[in-house]
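Several structures are given next for inspection.
In what follows, subunit A forms one complex with subunit B and a second complex with subunit C.
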Partner chain A sequence: MYLSNYTNQAILLKNKEFNVIVTIENKSFINDPEGETIYHDLILKNKYNNIKSVRTAKVLKLIVNAKNPIQATLSVKKMCEDLRIFNPIVSDCQVNIISDE
Partner chain B sequence: MEILTESELKYLKKKLKREPNRLEKEIVGAQWSEHCSYKSSKKYIKLLSKDWKGIIKGPGYDAGIIDIGNGDVITIHIESHNHPSAVEPYGGAATGVGGIIRDIISMGTMPIALLNALRFGHIKSPFASNEISISREKDNELYSYSKWLLKNVVRGIADYGNCIGIPTVGGEIEFDESFTNYCLVDVAAIGFGKRKNLIGNIIQEDDIIILAGSSTGRDGIHGASFASKELAKENRSAVQIPDPFMEKLLIEVTKEAIEANILKAVKDLGGGGLSCCLSETAANLNKGFEIALDKVPIKYHDMEPQEIMISESQERMLYIMNKGNFKSFAKILNKYEVPFAIIGSVKNHKNLVICKNGKTIAKMPSHLIAYAPLLNRNSRKPKYIEDLRVKKISVKLPHDLKKTFLNMLANPTIAFKYWVFQQFDHEIGLRTIVKPGMTNSAVIKLNNDKFLAAKLDGNSKVCYQDPYEGTLSCLSEARANIISSGGHPIGIVDHLQFGNPENPEIFWTFQKSIEAMIDFSNFNKIPIVGGKVSFYNETKIGPIKPSPVIGMLGLIEGMTCISKIRPTPHDTLYIVGITSDDMGGSEYFQFLNGVTGGTVPKLDLQIDLINADIISRIIKEQLISCSHDCSKGGLSIALAEMAMGSHCGINIDLDKVPNNCKRVDFLLFAETPSRFIIGTKNEEKLEKELSKYKNLKYSKIGKVTGYGDNITFASKNKKIIDIEMELAKKYFESISSIMENH
Partner chain C sequence: MFYIILLFDPKILIPINVFLKHQMQKIGIPVFPGSNCDRDIYHVLTHLYNIKTDFIWHKKENIKNYNAIIIPGGFSFGDRLRAGIIAAHSPIIKEVKRLANDGVPVLGICNGFQILVESELLPGSLIKNNCLNFICKWTDLKVRNTNTPFTSKFKKNELFKIPIANGEGRFILNEDQLKEIKKKNQIVFSYHQDDPNGSIDSIAGVSNDARNIVGMMPHPERTCQPELKLFGLNNSAMKIFDSLIAYIKKISS
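This part shows the complex of A and B:
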């Protein structure tokens, strides 16, 4: 028991923390009423005519303990799929690492 | 994917006397899908009686319209969104609600209430230890998928209804393994309005056609044909995103335009998009339309004409009016900031003409598009039905009936659906008198002296074993619910959901279901005012069980006639009706024992009507304090619901219950129709009234005791079930803990 705890801790110490950003947004051909409302009722009404389109998305900022960036990304991807954090039929889910401090 | 079948293409060519172009094929393909054209079912739907007094519009319209006197009308419609919900439960269920609301406003009435009937695969319940959960222990993934569907479907319905401020007043949920990896999402909407405000639907040449609401995008393309295919071959792009706030604006626009008497015709855009909306409207109103496709507001510049015609973008409405009224209508639309465009005009030539930049790109008679060639589907009685009927079944008499009873209470199909309806705003609008929960039916207030009872009912387990008797049971149950609430039935809507109609055995079950509808409606003289048919409800594991869902409306004349299920302490309880041991399709057999088979309860139409009439009469004469029908789970569950509803104990003597059951567990859980439980403080008067009916089976079966007392059932002077109120409630309310531990 002690031994296994010790080993886990050793692994944790060896691992690094990664800042992972998960972006979930409706697929490009699927509607985004929220984005459209922001665009038409806020941006265009206030004459920011240079802006051509708005799409909304949901962002999760995670701090992940992993050996390397690839493992961090893979574990977050798996978590998102297992827990159905997004529906792959409707949304795209991008997992990015912003730093590895 | 071929849009049209070979014979349909041949028929189209013959009628057009030329080769249709791609756009024309797409338009016809959307409209001739099973979903829009009812090509398999129309012949049978036509058999429903149409000439009823007080029915302004019956089957075949966006919604049925019932005249309730004093210039008031009720509209009702039911629709499903099964295929979209099975892949995207949140958006699918929400847009289903949106579609049904637009049907109600298309008639010129305002929606006042929503109901839903939902069907899912089993969810794992640690409270109910039954055969299924033991044998399915390994299928955790399936359980969690069902839970995910349930969670998101409920959230979708709740969010949409709550956002636009229409109360969701009731519903029902059934769990069965034939819905594994799938779900049935039926929503019904009720509208209320003035007869004088109904949309006239008379149009003239040169009237203008306006499309208002969301702009047209690529969402839901091929949605209608997607709903007409089995899920395994689905086109996964058929996902629709809800925008309830746009819907709310469309409701307000339509309401104001109706009051200003501007609109000549209104139609919502649903399955099949512009194609279906334009062709059906033109054909129904016997006119032609000339549409400038380049005027349709679109989301993407590169959209092809066929994409614009068949896109199922949500929250769009079509309005037709006299040119002279345009200015005032535009003022209303601008006030609510609803995007719109004049997309064409009415012509006398009866064709649907689609133009782009002044050039005609499609031209076909609207009647040809709107009326698909009907099919003669083969039908054959499935072999399994006879096999199941004669199958030798052995269900052991349980040692511990108390445990069995608790397991039945925790059965998710039977258990309290608090977790579900607490998400719905069921009071907004201030019309809801009887709220969801332990009720017979929802009751909503129409005006000072008129109330409406509404209920949806379905039972796929019985319908699977005998679609005719099963459908009759659903109808009887819906009526029993309306009667128990104090209403008299004024209309039925049905939603008939089956697998692939090309399979003769499935088509046979559909035919039997329609036969039952016709027989019940004609015998009881309750009009069928609308409905929907949904085929191709199949998954990789096979077709769903036949799942007709019945909606019934009842009018209650006055507040004093509203009857509730909650007894008060020291009421005497009676049962009306006889209990028999036809256990086929019962929750006791199927859920608890994992047994499919046995004879299903047979409905005697005459007895059913007499019992309902008597209950109706004694409620009106105020001889009883509470009433409840016996349905899923049988007598014991109905009594437990009454007890838990008022938190009062009950003592029931099972030997007093009129029955022909061989065993006590059958007596407790048989789902024989035409039974009612009533409570009274006026035994003498009630018995005097009941004894007037010679052949009526009724009996005094027990007493309501005090608050918080036990629920007990006795037989042969021995308490066979004796359960503390709190324990019963813990099992009955277990859905909340199942869902919250998700």
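This part shows the complex of A and C:
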């Protein structure tokens, strides 16, 4: 009992926690009416002419326990594909790590 | 003595047989947290068609002896992440996949269609309506394929009135997949002279390759009683249930 607790803690200490961001965005062949409304009716009407386009997306913030950043991204990518966190027909999925510094 | 003669009288035995066969037909309605059209379908099947109907809770793992499955509309798991995705991973959908492989007819209405699409039983994907709003209104629907268990009583290209009620009903496919489903004649229903959701090719309902799984966005269960029908318009949406019941009676007889 004590031993298993100890080993678990050892694994946790050895592994680090990473903040991973998953961005789910519709593919470019699908129009994005929400982004278009934000762009035309808010940004352009208030004369922010330097902005050229807006697309909306969904973001998931995950805290992942892994040995290194590469393992963290790979495990999250696999999870997203296995559970269909994004629909491969209509959306693309980006997995990024944000550093703590 | 009299009763024994009565029991063996063929004139009485035949109606009992017919009664038993009639009772044997059973349709299952999977229920998820957030389903809200399950009771409507139950009412239509039990009270208008006199078919035994069961509610099946989404955690149930072994289901058998169902002649058809109808996945109801609603907001399963609160539409979290994406409409239908969490329900698509539930134990009951594994069972539905198994039954569908055996050729049992499966109909998904509204959220049921979204669940079937997310569980990859049907092609494509359903995303937010073009207008970004929840739409609830009457539309004209056109039958494009009469060769499914749910549309056999329709004529080809028949038009009928049916209500829609959805927020995420825009059916999307890429070009190759659209060509493929057109080639295989998998488009079952499409909106007529109107495209409320912004679906590609005005698609309102599709089937799988084997034609036993059909998903549709409009709600046929909401037009089955005279009180609910639009005045003065033809309402043949009930033919969907007529076709299904004729099909399962033909199969089980």
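Just so it is clear, the second predicted complex is superposed on the first by the 90 of 101 C-alpha atoms of A that agree within 3 Å, B and C clash if a C-alpha of one lies under 4 Å from a C-alpha of the other, contacts with A are read in each partner's own complex, and residues count from 1 in each chain.
The rule is simple: contacts are C-beta pairs under 8 Å (C-beta built on N, C-alpha and C of every residue); 3 or more make two chains touch, one makes a residue touch a chain.
Bear in mind the structure is a predicted one, so any value in this text is a computation, not a measurement.
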_Quick check on the subunit A-based superposition: subunit B and subunit C, clash or fit?_
clash
*Looking at the overlay, does A:87 come into contact with subunit B only (first), subunit C only (second), both, or neither?*
both
*Is A:41 touching the first partner subunit B, the second partner subunit C, both, or neither of them?*
first
*Determine, for the stretches 207-215, 351-359, 369-377 or 459-467 of subunit B, which one clashes with subunit C when the structures are superposed.*
459-467
*Name the residues of subunit A shared by its contacts with subunit B and its contacts with subunit C.*
26, 29-31, 33, 37, 84, 87, 89-90
*Under the touch definition given earlier, write down the residues of subunit A that touch subunit B in their complex.*
26, 29-33, 37, 41, 84, 87, 89-90
*Using the touch definition up top, name the residues of subunit C that touch subunit A in the complex.*
81-82, 85, 88-89, 118, 124-125, 127-128, 130-132, 172-174, 177
*Tell me, which parts of subunit B touch subunit A in their complex?*
87-88, 90-91, 148, 214, 217-219, 236-237, 239-243, 245-246, 299, 313-314, 337
_Footprint of subunit C on subunit A - complex, ascending_ = 26, 29-31, 33-34, 37, 83-85, 87, 89-90
